[in-house]
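Think of it as A, B and C in the order they're written, each chain with its own count starting at 1.
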């Protein structure tokens, strides 16, 4: 598949250029986010104070905004960093964690989308449906919605917002409003480790630091996590579980090769 | 033992119902807390902003409050979420980390206890003694007190506060003011990994999401961590230490079976 | 080597006395910091609220200040805790993470150095050069400077500030303004795991809790991380990477023996 070759090139690009990725994120999964960026070959930096976010963003190759533990202190920094990135032509990736679970999250996500132009928005089906204004439910930060209708939602929301939309779940769906692909890699154990969604968003952010094609970097990030999940699961022996699985995600991404992508990638592009 | 059968049923209950557990907790062990809830079968959510805690609590099956890195921004949210849970009949679990080490912690714990009705309070011997108003010392967040006299303290404090009191240490003690049991599972290496206390509290919170008998859910949470510690320790090979041990805790809880509880549980209920 | 014997004694000292180490640190690597202190044999406590830092510092054996995710809420607590430690004769260790990346970090580091007397300052070459007022660049929190000229910089900055200066990188350099040593342990994979710098600073803090010779405790902390990195790397099998490596750091430090230090330590003291 042509797209797998393109993704393989992005992987080499990350390892050569070691892009600096600025994260304004939650305190639950932040350590995993930093380590997953490092495992792929990027250089993470976390900074969220209003007095430094713009300066930090302006030296970065991409900016990742994640509202997983949203608080009033960091909303303004998110907006400022996002605007700065927009001015400077630096891609901004958005993870609307738990949108719909509370009014604060929904309103903040809406404000962010109104004030910042995002290159990619990644969420689970509940999050993306709620973002699209479709009636949907969410259980804390976990999706309760199936993927039915996801392709149409991704396509139309991407067109409306001018952002790549990436929906992750049993089947992943990515669209930039024109192109659309589905990814069938991954393993259900990924949903039993906290932060695999946040980490996928960080992988997208890292790939976005070395290309201008954010449809491709979104697919690359999600495929990378899917392949890592498969390899981590296969490595498990009797008595091992989510603890070992989680560690192996980092091992797998650290060792990810172009061959793994070419042989293991199950990315299906829709033909018009 | 009858209680082991009851605990086994709670385990099945968690895996069937996947209760949503809302945590207002510290930034040191928060990732481990989320992963331990997931490993048991629950669904964790962390939210601490004053503008969303009540909404988040009202959709949860239980609320866990932990003052491990207490700060002025999150005290009020703890109180509000706790009151909301009380109104809605959602159990609230309290971990008074480091009470007695500073005036702020002691006063905040007292305020919480005055304003919120807790279903379970879990701490080490120093923490529970200080909470009970007994002269005791604490070294940061580590206990310096033996378990001597613990049964009487747990019993009388539980009666006074109307909360289940769970004291963890070499021997664990749980009482609801009428019933009392001790648990002799666990391993001393648990004290060489940060957050095993916080994680025990989260396990109690998760079990509390599927029962109204909080004496039972407290025993279940503490037994689960004890069994995990034993299994994790037994798995260690030459050269392995606290890093591998910590990872195996998650593996063990993910793989915990009713058989493990029935065969390995050493829970002793006191007869009147 | 004489210094290895001294470092071995410090290791025994930590395991006997279990010093309490108070950390005001970042939310990215805080869990690793706590676990590395425990693995060595110390007792960590994290507290950053202005209403409790002085009280917490006064019961600690050392204080570690780290500006990795600096925010306006915690600058004042850092200063207050530092001053309290100075008054009480408790050593204070400083990790100027990302100084030079933003004005906020640079100005805060300068303010801290003006108001608090540090026993040890540890950073990478970029950070220490910027601290010394030498023209240098930094990429987020990663050094972009080689170790050339490092010995002179460490020596003169140590003399000027009256603090031990520890520069970590491919070759580590430690000086108190009179004595100087280099350490050639470690492995480059340490730079692909977040927080290995922060953890080194915490190890220095832990050793500083049991001696008054902070040149020695700085060398001990850095040597400990270097030896752990070597052992962790050697343990890796096919398919393993930074995930397993990170876990093995804790295993290695938990199992660190005086023999490991005596046989593996490559610490070179400069003769005048």
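Keep in mind that, in the parts below, contacts are C-beta pairs under 8 Å (C-beta built on N, C-alpha and C of every residue); 3 or more make two chains touch, one makes a residue touch a chain.
Chain labels with UniProt names: A, B, C = Hydroxyethylthiazole kinase.
For clarity, every value in this text was computed on a predicted model and none was experimentally measured.
Annotation: the subunit B:subunit C pair of sequence copies touches via predominantly different residues, less than half of the used numbers being shared. Between the two copies, subunit A and subunit B, the Cα superposition rotates by 120°, quoted to the nearest 5. A straight line joining the Cα centres of subunit B and subunit C is 33 Å long. Those residues of subunit B in touch with two or more other chains are numbered 27, 31, 73, 246-247. For subunit B in complex with subunit C, the residues that touch the partner chain are 26-29, 31-32, 68-73, 98, 101-105, 139-142, 192-195, 239-244, 246-247. Residues of subunit B that touch subunit A in their complex: 20, 22, 27, 30-31, 34-35, 38-39, 43-52, 55-56, 59-60, 73, 231, 235, 246-255.
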